[in-house]
Amino acid sequence: MITFENDYSCGAHPRVLQRLSETNLIPQPGYGFDCFSAAAREKILAACGCPGGAVYFLTGGTQTNAVVLASLLKPWEGVVAAQTGHIHVHEAGAPEALGAKILALPEHQGKIDPAELRALTGTLLADENVEHMVYPGAVYVSHPTEWGTLYTGEELEAISAVCREYGMRLYLDGARLAYGLAAETDVDLPLIASLCDAFYIGGTKCGALCGEAVVFPRRTPEHFINFIKKHGALMAKGRLCGVQFDALFTDGLYFEIGRRGVETAARLKTILARHGVPCFMDTPTNQQFAILERERYEALREKIPMGFWSNPDPAHTVVRFATAWYTTDEYLEELDRLL
Amino acid sequence: MITFENDYSCGAHPRVLQRLSETNLIPQPGYGFDCFSAAAREKILAACGCPGGAVYFLTGGTQTNAVVLASLLKPWEGVVAAQTGHIHVHEAGAPEALGAKILALPEHQGKIDPAELRALTGTLLADENVEHMVYPGAVYVSHPTEWGTLYTGEELEAISAVCREYGMRLYLDGARLAYGLAAETDVDLPLIASLCDAFYIGGTKCGALCGEAVVFPRRTPEHFINFIKKHGALMAKGRLCGVQFDALFTDGLYFEIGRRGVETAARLKTILARHGVPCFMDTPTNQQFAILERERYEALREKIPMGFWSNPDPAHTVVRFATAWYTTDEYLEELDRLL
Amino acid sequence: MITFENDYSCGAHPRVLQRLSETNLIPQPGYGFDCFSAAAREKILAACGCPGGAVYFLTGGTQTNAVVLASLLKPWEGVVAAQTGHIHVHEAGAPEALGAKILALPEHQGKIDPAELRALTGTLLADENVEHMVYPGAVYVSHPTEWGTLYTGEELEAISAVCREYGMRLYLDGARLAYGLAAETDVDLPLIASLCDAFYIGGTKCGALCGEAVVFPRRTPEHFINFIKKHGALMAKGRLCGVQFDALFTDGLYFEIGRRGVETAARLKTILARHGVPCFMDTPTNQQFAILERERYEALREKIPMGFWSNPDPAHTVVRFATAWYTTDEYLEELDRLL
Amino acid sequence: MITFENDYSCGAHPRVLQRLSETNLIPQPGYGFDCFSAAAREKILAACGCPGGAVYFLTGGTQTNAVVLASLLKPWEGVVAAQTGHIHVHEAGAPEALGAKILALPEHQGKIDPAELRALTGTLLADENVEHMVYPGAVYVSHPTEWGTLYTGEELEAISAVCREYGMRLYLDGARLAYGLAAETDVDLPLIASLCDAFYIGGTKCGALCGEAVVFPRRTPEHFINFIKKHGALMAKGRLCGVQFDALFTDGLYFEIGRRGVETAARLKTILARHGVPCFMDTPTNQQFAILERERYEALREKIPMGFWSNPDPAHTVVRFATAWYTTDEYLEELDRLL
């Protein structure tokens, strides 16, 4: 059985699972006060080049986005995001459920434009009716974006500069960060840590059974554990995430996982091209969006799980092929055979 | 290293972990639509004697309580609970964060009294100012309670009868249900399913790495998946809970775990008695509350992790000793030696 | 002193104030159970042609929108509105504070387009990921819109048809409804009542000291008084709104107020044209949007309060001139003189 | 027609109404930026002896309590209040709807005890599990209480001292403050302003059509107008409250109203005593709680509106007689005649 439906179709990377087995019967305190979480935190902060920062582990992306944004925003503030931002489209209103309005910006291949961000923010703050409006308090970027694209270092710096200029916090959703770091890019963890007020390093889609590592490189929101608890996100067995991230940040596993996803995606792109399947967008990470004629799509979906994306016209369907650490040569050969 | 601090100090029961390994590389759809979750659901509903019910997996108890209660309550309703109820005391205001006020009742060894429940509800609903008050919409019971005590079948039936009389939903928090089912009791899963509108079968404290199985024996709230997602509780790798509960409900493992916890707790009680340590309360499950002289407590805590509970007077401390599936003979012998 | 800044610059229409004086010392029950509220309700329902409906009085527009929308929506639903909708732009995130995400549609002179509404709704509901999205549960229209424009009867019928087709509720914000009903239009109260699930008849901007009359022509949300109370919107002296709306719906006062606003706005438009001031948009109600050269604007604002709207280019400013029941001939003559 | 049902049965004190008439056609900016609100603010701050403080006008008590408390609390905090506190019992869960859990203390004739407050707070903050609990962030007192009783200056000072000791804010609900200030008491506005972080001077129950004046004697929460707006409590015609409070704080009207209520209550108490009706509690303000035999109650309620309070036993009913600025001699004579 093979799949390209998403990057969370299998369990955990074998080395993660092995570490869970090895540590299984070592008793530890709960709620993240275990030695594995402590070790993982230290390794992550070292990788980010911000040893004075703080790391918290939550279980999933939507939860993480909502809880962190709620902690970053004042009651009169909202968060700026791209029209296509995950928090705006695919989180069932979770940010709004914690009171955070999303101020939508146009998207450019999933990214926001620093100049448009400056224009929106400047206009809002200069509005004579601003007391009747939602203040822009934070900016949300996803990296890779929902389209698999990446910001350049220059773009992130420009966005960060607008944030500092207007007193907004910058938050980066790194659900698929492993694949973003492994692509051709000048954006690495230390750069992200130097530019963002908070970000998360995704585990669920990058080799863990579950778990996202939230990093506050400089300032942690007050009473953040209480905050996590209040929103139902504090795990009794905090060790579950701690052990996994400890494994992911040992011997470069997180980066190895990213490279595997990116390499298999590049090979997948070649296979698609060879079979005359055009890409909807050129993306450097582990998600590839292909345009299939409707009939071909209908036939193919019977044999290979893919992600439905949209129907741009009655004759075509855009589908997402996602690769991951578990995408073997066999997966690619089977796809090649079936196309 | 030994511990009696709580029942979530180690990882997963070995058979649970083994099942995670075996299934690790079998690709499956996300969000609970995997074959393992389906199998687990079927087994759970069979064990509960309600094949027409529905099961959802969430990651932790506080999250589960908040999400399920929010789904059970109308906007003008609150939930009745004991003063000592976990939702009232130890969930950092999570129910209130979803808008649910808690209407507190006196506690009797952690339990609510059906007559007091009827009195509160009847008085509230008869109040001429009820439109200015919070309606009692649901009743929360924990079983075992926070004190490790259990309701009798008769008590649960009486509470359920009051709920039906006044149109309230009955919700049971089974964070430690395995230990409750393994004790001397006439309360089993089919009885709980027949009396409650919703309840959860705890995994985190009963052998899983994480996960709670919410059961709606008869009526599921509309769009419950969307509801879970909105509150950040939907796991991309739903299989993580599915596989674990499949293992827990295969070959009676969940009940075996419960028995181990209860048996070791009984032996622990004997050891305490032999050393002249009185119990604060007689409890039939895996939590034992002992009264230690302050000095003895201070000395002992250096050697064995226990749970601090309260200081009833300046000379004594109440501590909780929790056993679990991982409490070996060695743990008990070491305690015996140290007392 | 004159003003065109808005339509809530003075107190109440003299006949409203007189009625408050006449009834002042007649004791009545609180919370809307007074005889004046009862009389007002009856008159409003008669004017709307829905004698079986229900009417509730709240104090202000933002409060009314938030409370009514929250009562109309299920927890997994949001509300569709124009990009320029008051709830989306100028209510400081009040709908989101009650958990309601706004699904924004393009605006056409402040209005939404029925075809675009159908497209958005149809696409959302057909999306395979809809459980991860916010369902469209209600549609918000303002009439007059924030730009002073009006829907035609045909447009409202088309929007209502889409709502029925997809099970959405239609809600109309009538903050300035008096002026909308007095313009050239085929939309009257009975038509609105027949097409909408809820709407409000604005008082604050149409002659009252405060107060908005929410009408549910057919089905009232359960426990709506409790709902109002929970959101801090239930007035102890419900009579305050009751007496005022009783006066507004006696001898056609509400319509007379609307006509005064529309007539003075028409004369204002003539004055602007005579002085070579172009209108930004042709609007049939009591708000006129004029384009002033920057210098002229700076000079004029010293003498006459107007509403700042936007700076479309560095040389021009768009301002709003609002008329109301208190706009006398003297106001217009003074403006004529000053231009 | 007479009534003792409550203190909001009639409209406004004639001098308040007169001031509304006099100012009716003077145009002013909206949202509290009018000259009347400015004048009222200045007079209130002078009366409170805190000229550097800030005043905001909201429309009703429940709204005021919820909005102010939400602004005073951090996300991880709740508010301590008496079991009988209005926010805990009669506000339909409004504080919880804004996320604020209420930590209930025992009540002593409606009041909290400083020693019990210290014990609760000290215990909570010393609890090893405090990160899983709701922190005590503010203390709510009502003065007069829901039972018409008053704190002494010494009691308020002791409560304030506990608040300072533990970093909690002190908030006083003065819905009926006029009557509290007019009774035999050493608590005046300057004392309240010196001890509280926020309090409100009630208008609705003390002579206004609506309106409560929130006073922050020292520090105003950031962006409080935006906060008010977000919770639907910002009035377009802010002048409505401004004019009324300007009148109430001109020539001592607010205090005159209070004295009238207290004096008539004292005479009412005498009348009850003369007719052998015992009081449930001895209260110094405008609310008197009497114990009536059931039959007498049933007969009397046909003729005079009173407030039902409770049925302490099958043979008796406790009723509330409330006086107010509009309680004339005729009211008292009629009651005397009917008893």
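Every chain is named by a letter (A, B, C and D) in the order it is written, and numbering of its residues begins at 1.
Please note the rule applied: a contact is a pair of C-beta atoms (placed from the backbone, for glycine too) under 8 Å apart; a residue touches a chain by one contact, two chains touch by 3 or more.
Here the structure is a predicted model, which means the values were calculated and not measured.
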Same-site or different-site touching of chain B by its copy chain D, using the half cut: same
Most remote chain, CA-based centroid, reference being chain C: B
Cα superposition angle of chain A on its copy chain B, in degrees to the nearest 5: 180
CA centroid of chain C to CA centroid of chain D, Å: 33
Centroid spacing, where centroids are CA-atom means, of chain B and chain D in whole angstrom: 41
Rounded Å distance, chain A centre to chain D centre (Cα mean): 50
Per-residue overlap in chain A, given as positions that touch at least 2 other chains: 76, 91-93, 97, 131-132, 226, 229-230, 234
Contact set on chain C toward chain D in their complex: 1-3, 5-6, 8-12, 14, 17, 20-21, 23-30, 59-64, 66-67, 91-94, 97, 204-205, 209-210, 226, 229-237, 239-240, 243, 305, 326
Parts of chain B lying in touch with chain C, wherever the complex brings them together: 31, 70-71, 74-76, 131-132, 135, 222-223, 225-227, 229-230, 234
List of chain C residues in touch with chain A within their complex: 76, 78, 89-93, 96-97, 99-102, 104, 128-129, 131-134, 308
